[in-house]
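Look at the two complexes coming up: chain A is in both, with chain B in one and chain C in the other.
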Partner chain A sequence: MRGRGGLGALGTVGVALLLALPWILSQGLLNASIQMLIAALFACAYNLLAGQAGMLSFGHAAYFGVGAFATVHAMNAFGGSGLLPTPLMPLAGALAGLIFGAIAGWFATQRTGAYFAMITLAIAELLHALAPHFKGLFGGEGGVSSTRMPSMGVTFGSTTQMYYLVLAWVLASLLALYLYTLTPLGRLTLGLRENSHRLRFLGYDVHKLSVLVFSISAMFSGIAGSLQVINNEAANYIVFDAGQSTAVVLNTYIGGARVFLGPAFGAALMTFFGYAVSDLTQSWLLYQGILFALVMMFAPSGLAGLFGMPDRLRRRFGTAAVVPFFALALASIVLLTAGTVFLVELLQRILSQDYRALAAGAPPWPPISLFGRQWSPAAAVTWLLPAAGVACGAATMLLARHKLALLEGRQEDTAAEPRAIEGERTPA
Partner chain B sequence: MDTLIVSLLNGVIYGLLLFMVSAGLTLVFGMMGVLNFAHASFYMLGAYFAYALQGTLGFWGAVVVSPLLVGLIGVIVERFVLRRVHRYGHGHELLLTFGLSIIIAELVKLCFGNFPVNYRVPASLDFAAFAVGNSDYPFYRVLMGAVAIAMFVLIFLLLTRTRVGIVVRSAIYKPRMAEALGHNVPAVFMGVFGVGAALAGLAGAVAGAFYTTNPNMAIDLGVVVFVVVVVGGLGSLSGAMLASLLIGVVTSLAVGVDASLADLLGLIGARAWAERIGGLFTLKLSSLAATIPFALMLVVLLVRPGGLLGEKA
Partner chain C sequence: MSEAILTVRGLRKSFGQHEIIRGVNLDLLADERHALIGPNGAGKSTVFHLISGDLAPSAGQIVFAGKRIDGKPPQQINRMGLARSFQVTNIFPGLTVFENVRLAVMRAHGLQYSFWSFIDRNAKVREHTESLLEQVRLQQRASAVAGEMAYSEQRSLEIALALASDPEVILLDEPMAGMSREETAYTADLIRTVTRGRALLIVEHDMEVVFQISDRISVLVYGEVIATGKPDEIRNNAAVKEAYLGEEVSR
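Here is the complex of A and B:
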């Protein structure tokens, strides 16, 4: 563990880097950074509920969307001059998120566990199904658009100014969320996850507490939605789509729900890759889903949890002993990724509508262009190459695990603990 | 009157279809405490497998083989995926099945394209069963209902009349005790998971031909199935049956009602006021049909948090 001073220094460097980004990045990348920041805030707001309070919500797009629409209407208020000056506009989203979160949370937190997950999903679906019918509020198919008003001597016309506005709000919100975890309420939030029965026993009103946590999470989600609207100058009912709720769940858990900035890291990473590869592949969500499932199965603490691993192992076994292990593990990950991506992209091209139409005729099927080369679907090498990649990757992975097992000797026998069986049924 | 009968019938049959999918979900939940987010994906897989196989096996062959394949996938998922993460708790399992549902949906899009496929009722089954008034009622709908009822009776008899059923029920009720008595409880879990998946696959194979078969069918049906199990009470088979029929009939009837709140207020002379307000007051009930299950669920949670036939919360 690094000391608190080390973390503080790391944080300062990080913030300085974020402040300097407009000088380093191009316009397009700066725009992507804005999206990454918003996604990071949304994921952290979500994680307050899902990671810290242990309440899995599958409909967080609802609060993001409510914040977004509250803001777009606040921007259009008074004939377009706006309810608030532009830099303070996210307050409208925060308030809307808070209020709607309190209402929805009151319903959803009636139940816990799987019920809670389904209720949040249903509330989001309810909103998604209703929204197109309310033209006045949600603008129907076309959505509602608006314009950012100059305020306090700043026009908010350029991407750079927008970036700083978003950065200021995201950093302030993240700081608030972090300070929240240090308060007694923050500790109680963890208590909700760990043992709500005991909290009730200690005299806390668990339902009230859950509603409070839910609304705070919804409030920060509302801020994230708000920032997106200010950036896009438009809101559409698409923000209520299930895809938005899915994305935040994936981002949060890929990043790591047990580390405070884990979700932010996951969201930034996923948004960046989404931006970078969206032109190259149509299967980005598939890769994301596979990554998510792998993380959940093999690294439950998320990618952020993996960061500490090299340091821990190095300290335990010495640098020389762990280098081969990491070399093998890295090689295996690269091989597996390459093999899988090759296979998926190949299949995607072969099974696409265009290719099927092209290959409808005689057996000499036309070659497929992929990674700058032509591959014939009938040639063995086309299929052997990715298969070999996956097989070698799997073999290397086994080898790496064997190395690690050798290192750990027999002290890790507990890993193969028998499957825990559900205890006697207790009323939910 | 005829329209009423037809939409009642449609509603009951849609309800029976919902039951076929929610039965497996609620059984697995009652047994393992796992809410299987990918359950509706098994329904979708059933439809797509049947579509892909019907060319070689014919319609009936496909309807038989596709649920078996889906059941096999369910067994693999339970044995090699869910069992690995069991020790991290139910939340973790729920998240993992959520990930699986995304992967399955994306793989379906990859293999069959992001659009509805041409999976149809075979011509030999496409005839009118009987006439209601002067409109014909399709035989295939009746067939779907019959398959669902046959399945319900079969599961019910299996659970209550056979030795296997006794072991399964005891594994649900007191898993440790059942294991202590020498029953292989993990194997029972795996079996139930596989059977639940196969049932969903069967529902997909049969219903996919009648409704549309597209990559969104899992999420579309999935949310309704979740509503069904919450309304019925998680873990209760008869609750799932009741809630399925209720939701099927209510949505089906709502589609046919062209009234709005303004019409209702018109009875007390407040129509003009309501129409001036607009918004919710002038929305036709028929256009809200898709949202009624969710509203119903919120009401049930308010008055009976455990669901209609569920345990006390």
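Here is the complex of A and C:
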């Protein structure tokens, strides 16, 4: 009861905040928000297949891309009027995603597990390899461009108008995806993940179900691709790139595949970091990889699962008991991040071609400018400082884990007695 | 006695060079409780896999309600009215017990590709689910995660899943394995109740249960049925005694 009411209130505040963003953010950040929303929808569409149905697709860029190209051609064909005015343009992407998803899904879902993943990967790579050769359809290297036409009395010329168009489609799609989870088909989707073998002995046609879920996931991916094209007014075959397929997998699992909005959160966060950090560092992909590896190793339920932890622990042990643990955990994360970022940036600069040319010059190993200071690669402090950061961070982390173990130990002592009694009570 | 609802003739199954099922003949009458017993490795579970469509036979016929079902996919066989449980617990481990049974019940109410109605609002499905949970005494565990329950509770869930489609023929593969005496007694009663007016084919190692609930017993040894008959006939059958080396049957 508390959870549902709380979530409802949180959802209302969230939507209100999203609606107010154009008044709060600069143009640049609003543009980034559009990207975040599109990535969020793509990740949620992907998670229907990967997280809910348990089918790990490695080629979801294909359906995003098919939706994108269908839309760019629809924009050119209809010019924003007639049957498909600009605000309804994502329907073209949805339809294309659905149809292509049904065809690809029919083949891919013949197999499960690793074989399924390989087929999806192959289909996406096939498109990526073929696309440049079909100039009429995919426009070759230059891609296909179009113009967002005014429609229904709206110009769709400003970033704000575009933002609202994307927001409306993303919210409607997320709502549809959420309601889907409450339907019989939505529950069967979880059954596919949990035990598709058993479903067959309950009378379900697992292949048909899988194709259906695959198509629906592809349809919403197509809508995401469509929104990107409407925003960019162009589509290029690089949308089929494996990097795009990888990104949606990483976003989904970093966010948390078992929580409905987890993937949306992961995608928005990673897109935002990509936007904010890519100017500051050339190692963004490395950080993304490190983050993914850490989440998979230490928080397999993703960041969304991690966010639920404070509340869970607080309810179990009381606020006062968990504060020291969280203070330590936070300090450890800050230290580890600072140390790692320092090391990565330092190494990235030392290994860069420019610096290697310099290093071979007259005074060898000239100092490197980093975080507003000069650091000499020959000086011990340059290396000891980040190393100390990482070491202290690791030590603090161990301490935090020890604290948590102590808390859990105490909990078990007090709980041991009633649990034993309960265990003895066999059903009469 | 009534007519056979399930007829197995000359059933064979080979895995590579090894023939596991070597010409099984079996008749299951429409309202009988029929036990399939035999030493470990005799092929009892394989017979179940062949009948339920998990495996396709190498040769032979399986006729269910007048139609050939050998080699048909399991979902088709299930929809014709034949449901089964599994020896190795085969449930939806990450879902709640309620959700497990509801998934099984939905299909019986014609719901599968439906995405235009909310399942929580379907009173018929809910009531059917709850009554099944009550039958197998899991109503208190409805919100437990199935995979985290005690093994014996998972066995009860397994039975509920098999019953959900209201089948004419039920195949239960060692339903009591891992259950306590009390649970076994309850489940034996349950099986007797729910199989009234249906056909039951059961594999079970607990001979007390087998002789208590069965109308007829077939003995499978090395992929062949060596005897079929009433419990008393089987108890006194020389070939059966030999096959078991006097172990379980005489106990």
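Simple rule for what comes next: the second predicted complex is superposed on the first by the 398 of 428 C-alpha atoms of A that agree within 3 Å, B and C clash if a C-alpha of one lies under 4 Å from a C-alpha of the other, contacts with A are read in each partner's own complex, and residues count from 1 in each chain.
To be clear about the criterion, a contact is a pair of C-beta atoms (placed from the backbone, for glycine too) under 8 Å apart; a residue touches a chain by one contact, two chains touch by 3 or more.
From a predicted model like this one, the values you see are computed outputs, not experimental measurements.
K.L.:
Touch check for A:129: first (chain B), second (chain C), both, or neither?
P.N.:
First partner only.
K.L.:
Touching A:183, do we find chain B (first), chain C (second), both, or neither?
P.N.:
In the superposition, A:183 contacts chain C only.
K.L.:
Of the two partner chains, chain B (first) and chain C (second), which one does A:206 touch, if any: first, second, both, or neither?
P.N.:
Once the two structures are laid over each other on A, A:206 reaches chain C alone.
K.L.:
If you stack the two complexes on chain A, which partner ends up touching A:358: first (chain B), second (chain C), both, or neither?
P.N.:
neither
K.L.:
Is A:10 touching the first partner chain B, the second partner chain C, both, or neither of them?
P.N.:
Neither chain B nor chain C is touched by A:10.
K.L.:
May I ask you to decide whether A:293 touches chain B, chain C, both, or neither, giving the answer as first, second, both or neither?
P.N.:
In the superposition, A:293 touches chain B alone.
K.L.:
Pick one for A:58: touches chain B only (first), chain C only (second), both, or neither.
P.N.:
A:58: touches chain B, not chain C.
K.L.:
Return first, second, both or neither, reflecting whether A:195 touches chain B, chain C, both chains, or no partner chain.
P.N.:
second
K.L.:
For the overlaid complexes, name the partner, chain B or chain C, with more touching residues on chain A.
P.N.:
The larger set of chain A residues in touch belongs to B.
K.L.:
Could you give the residue numbers on chain A that contact chain B in one complex and chain C in the other?
P.N.:
After superposing on chain A, chain A residues 427 contact both chain B and chain C.
K.L.:
Under the touch definition given earlier, write down the residues of chain A that touch chain C in their complex.
P.N.:
Those residues of chain A that touch chain C are 179-180, 182-188, 190-191, 193-195, 197-206, 208-209, 212, 216, 426-427.
K.L.:
Which of the residues in chain B come into contact with chain A in the complex?
P.N.:
For chain B paired with chain A, touching residues are 29, 31-33, 35, 81, 83-88, 90-92, 94-96, 98-100, 102-103, 106-107, 110-113, 172-176, 179, 185-186, 219, 223, 226-227, 229-230, 234, 278-280, 283, 287-288, 290-291, 293-295, 297-298, 301-302, 305-306, 311-313.
K.L.:
Touching chain B in the complex: which residues of chain A?
P.N.:
Answer in residue numbers: 54, 56, 58, 107, 110-111, 113-115, 117-119, 121-123, 125-126, 129-130, 133-134, 136-137, 242, 246, 249-250, 253, 283, 285-286, 288-290, 292-293, 296-297, 300, 344, 347-348, 351-353, 417, 419-425, 427-428.
K.L.:
Would you tell me which residues of chain C are touching chain A in their complex?
P.N.:
Those residues of chain C that touch chain A are 52-54, 73-75, 78-79, 83-84, 86, 90-95, 99, 102-104, 106-108, 111-120, 122, 137, 161, 164-165, 180, 182.
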